[in-house]
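The structure appears below as structure tokens.
Every chain is named by a letter (A, B and C) in the order it is written, and numbering of its residues begins at 1.
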Amino acid sequence: MASGGCALIRFALRRLLQAVPILVGIVTLIFLLLHLAPGDAATAYFNPNVSPEIIDRMRENLGLDRPIHEQYFRWLRAFFTGDFGYSFGQHRPVSAVLADALPNTLVLSGVSLVLIFVVGCAVGAVQAVRQYSKLDNVLTFTSLFVYSMPGFWLGLMLILAFSSPALPDALRLPISGVTSIGYEFMGPLGKLLDRARHLVLPSVALGIASAAGVARYMRGSMLEVIGQDYIRTARAKGLPERQVILKHALRNALVPIVSLLGLYVPLLFGGSVVIEVVFSWPGMGRALYNAILGRDYPVVMAASFFFGVLVLAANLVVDLLYAAVDPRIRRA
Amino acid sequence: MSAPMTGSRRSVRREAWRRFMRHRQAVLGLLLTVLLALTALMAPLVAPHDPDEQTDIVATRYQPPSVEHPMGTDRFGRDVFSRVVYGARISLMIGFLAVAIAISIGTAVGAIAGFLGGWLDTTLMRGVDLLLSFPRLVLLITLVALFEPSIALITLVLGLTGWMGTSRIVRGQVLTVREMEYVTAARVLGFGQARILVRHILPNVLTPVIVAATLGIGNTILAEAALSFLGLGVQPPTASWGNMVASGRDTMLNAWWITTFPGLAIVLTVMSFNLVGDGLRDALDPRHVV
Amino acid sequence: MTGEPLLEVRSLRTYFATEQGDARAVDGVSFEVREGETLALVGESGCGKSVTALSILGLVPEPPGRVLPGSSVRLRGEELVGASETRLREIRGGEIGMIFQEPMTSLNPVFTVGNQVSEAIREHQSFARRPGESRSAAIRRTTIEWLGRVGISEPELRHGYYPHQLSGGMRQRVMIAMALSARPAVLIADEPTTALDVTVQAQILRLLASLQEELGTAILLITHDLGVVAQTADRVLVMYGGQIVEEAPVAPLFREPRHPYTEGLLHAVPDLYRRRARLAEIPGSVPHAAAWPEGCRFRPRCPYAWERCFEPPPLVAGSAEGPARQDRCWLEEEPKRRAGAGFGVAVRPAGSP
């Protein structure tokens, strides 16, 4: 195992190095997008309420008065030094805006990701073990339905359901924000519970469609594994069926699911834009959305950049997980 | 399995069709899809009211579902059902056109990368990796925000952000098919590369592309709905399912029907395409049986 | 060498539901395995050998498969068909061990080999604790002992290896350790050497023979390789079309095959370089188990076949050798027909008696 751990670290470092050119690509792409826009970004502010001084300051801030290659290198340097400019919408540095929003998005997406993985795998595995049963058919149809649901609509339907006066107070869950009014006065445990309760509906709305997708895939993966020779070996050893399924089959069926998670991560962050708007969740998605509505370009650019970085980071984690789950990868 | 010889291709197709028709869910999906397409085409005949009709707003707004208005009325007294019917036109049209764009770009890029190989292949596929590392919705709203939103723009942008998966599939298929004997045979016979590409490789690549396209329509409709919901897609008063859901959001607790029914229409439509896509995959690729 | 009947299989029928109707994979098979002997079950793939083995352990996937009523498998007189799952689990890997053909795919790729062997040891309590030794330490020690016993060098180190880090022969040794760790009375070996190189094959067969001598295990050896049979078996069952077509001690069988199928098998020259093509000299191939030919199932491929073969022949004791030999062929009643037809001069495989 010691040599395995060492190999894992080398693997991680190599992947980290490979991410650098993609990072440069992302920054370049954002730069190109900015210059693709009709006029320049500052013209978006040409409206009677904005004073000319502000527009000049804005042009200077974006470096729009310089030649294009100089702008590009300034841009690159700024992004890699963490200087994302100044948000005119919020009247504070972009880095401060992101510092507030990023943790909220990470918590929401993280919880959703766990939900996607756990619920998806559990449902898919149960279906595979009970293949062609009534339960299997019902779950197949349900996951297809859920898979086809737009997240924002599901979010609204959840809000509708949890605002119903018929609902007993015990089952009530908060439908917006991160914390309740009076949060500051709660004890540490109360604070944790309050945050957890606020997370339930948004994370379900954000993750459930992907969980259904994982379930569909997991069913197939599990069925394939159950037909493998080593499952027959495990049974021929006299192991209880529980152990055959929960240890031997499950662990193998999870291997392709881990790489599937890599595909769901971009979807998750994309979905977080909509879900954060629906549930007034003060994260990156909502920051990006508000910045777009307010033509707050520095925030738009920095937020897009961070979404790209998050996907890269998540893919790195998925690759590591993959290596941890499948010993055959480690050697390569 | 795709048949290399034209002679047996017809029977392969017939076999695929037979498998598809035995797939109950796929047939259900196909029926629903056809029904939806007919509804969209004949919207003026299906819809009981003009989708934009407003008479005496105060008297007719926020009416719950009834025989006159099966899905109720919205805040301007417009018939929600009629707007859902007309919304089908927008959603399906954008879905089909955007996927057509995406498939064309994806097939072209994938075929070029796979067939020519070398540095061009590497560059193109790195580009695909790069684009895939952006959440599609983030790319979409950033792109849309830079321009004035219009249906044409949304369709184009959805097409431009949806081709990467197809290009990977096509490239993979081209690489496999390229090594097969009959392509070698064609090359020995002295056929030009372009002709080999069009005559021998594309037909084999078609199967996975058709499946990807069908499933892609569902995803595209979802993306369009999300954009319209955020106010960055189809602009009111034109009815689109996404902007209808958004329009009912503020009054949802008093008039649930305005948000609920357009959303159900989205689920039903996306599900139909997914059913057909799954069925096609099972029918066209017998190896993929779960 | 051969003793009491240990495992008795009577009228075993295992069918599989297919789109073309019931596939009669095993169709009325009876035999017995005696204490300490090696009984070989021989035939081409598709003859029902492996399904017979899986039926004994109650491992036939159900559905589509099913063991028909009237079938009986007795281990020391105890009926296993219809036995409780709990009892069957004690027997699997406990009293009857099994090893499979593909050591590549028969070991779970994501667990270490030590983990997989120790599972069997833990499940069947086949370890003894030394004074002051913890349970898990005893299991680990026993696992390492077994890895050493099957000829794996540096067993302490290999204990932590994953299957992909071992060669095919090593993996098969791990399988053998796993199957024998509970000291079962019977070992079912399903094509144990087919996937291995020739030199490794010989090593594995020698290992099995020495462990058999040491532990007194009876072996039911399933193979299509008559070279392996000649080297290891005491008695031979030849299977075709889901039925036993001939049963005989190994020497008489090689000296004088009675069923035309056995004759065909013997005639096919072992080709050391192309193992899979070895049986090519019997014309045709095994039909689908849902559509066995009418009458004698070997009829369409048999060089002697005549009208009578449209009737199913019974399994009868051969005239000269008594109950030790039997075969299922009308030639027993009309031996004259042997002259002038057949597969030509039989070439005996190297190493046969």
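Quick note on the criterion: a residue touches a chain if its C-beta (ideal position, glycine included) is under 8 Å from a C-beta of that chain, and two chains touch if they have at least 3 such contacts.
Please read all numbers here as calculations on a predicted model, not as lab measurements.
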- Label-sorted list of chains bordering both chain A and chain B is none
- Message: With centres defined by CA atoms only, which chain is the most remote from chain B?
- Response: C
- Note on the structure: Of all chain pairs, the one with the highest number of C-beta contacts is A-B
- Query: So, what's the distance in Å between the C-alpha centres of chain B and chain A?
  - Reply: 23
- Distance-wise, how many Å sit between the C-alpha centres of chain B and chain C, to the nearest whole number? 54
- If you average the CA atoms of chain A and of chain C, how many Å lie between those two points? 53
- Note on the structure: Residues in chain C with touches to at least two other chains are numbered none
- The chain C residues in contact with chain A across the complex are 54, 57, 59, 85, 89-94, 97-98, 100, 102, 105-111, 119-120, 123-124, 160, 162, 164-165, 175, 178-179
- Message: List the residues on chain A that touch chain C in their complex, please.
- Response: 1, 228-230, 232-241, 243, 247-248, 251-252, 255, 325-328, 331
- Listed in rising order, the residues of chain A that touch chain B in the complex are 21-22, 25-26, 29, 33, 36-38, 144-145, 147-153, 156-157, 159-160, 163, 219-220, 223-224, 266-271, 273-274, 277, 288-289, 292-293, 295, 300, 303-304, 307-308, 311-312, 315
- Quick one: in the complex, what on chain B touches chain A? 25, 126, 129-139, 141-143, 145-147, 218, 222, 225-226, 229-232, 242, 245, 249, 252-253, 256, 259-260, 263, 266-268, 270-271, 274-275, 290
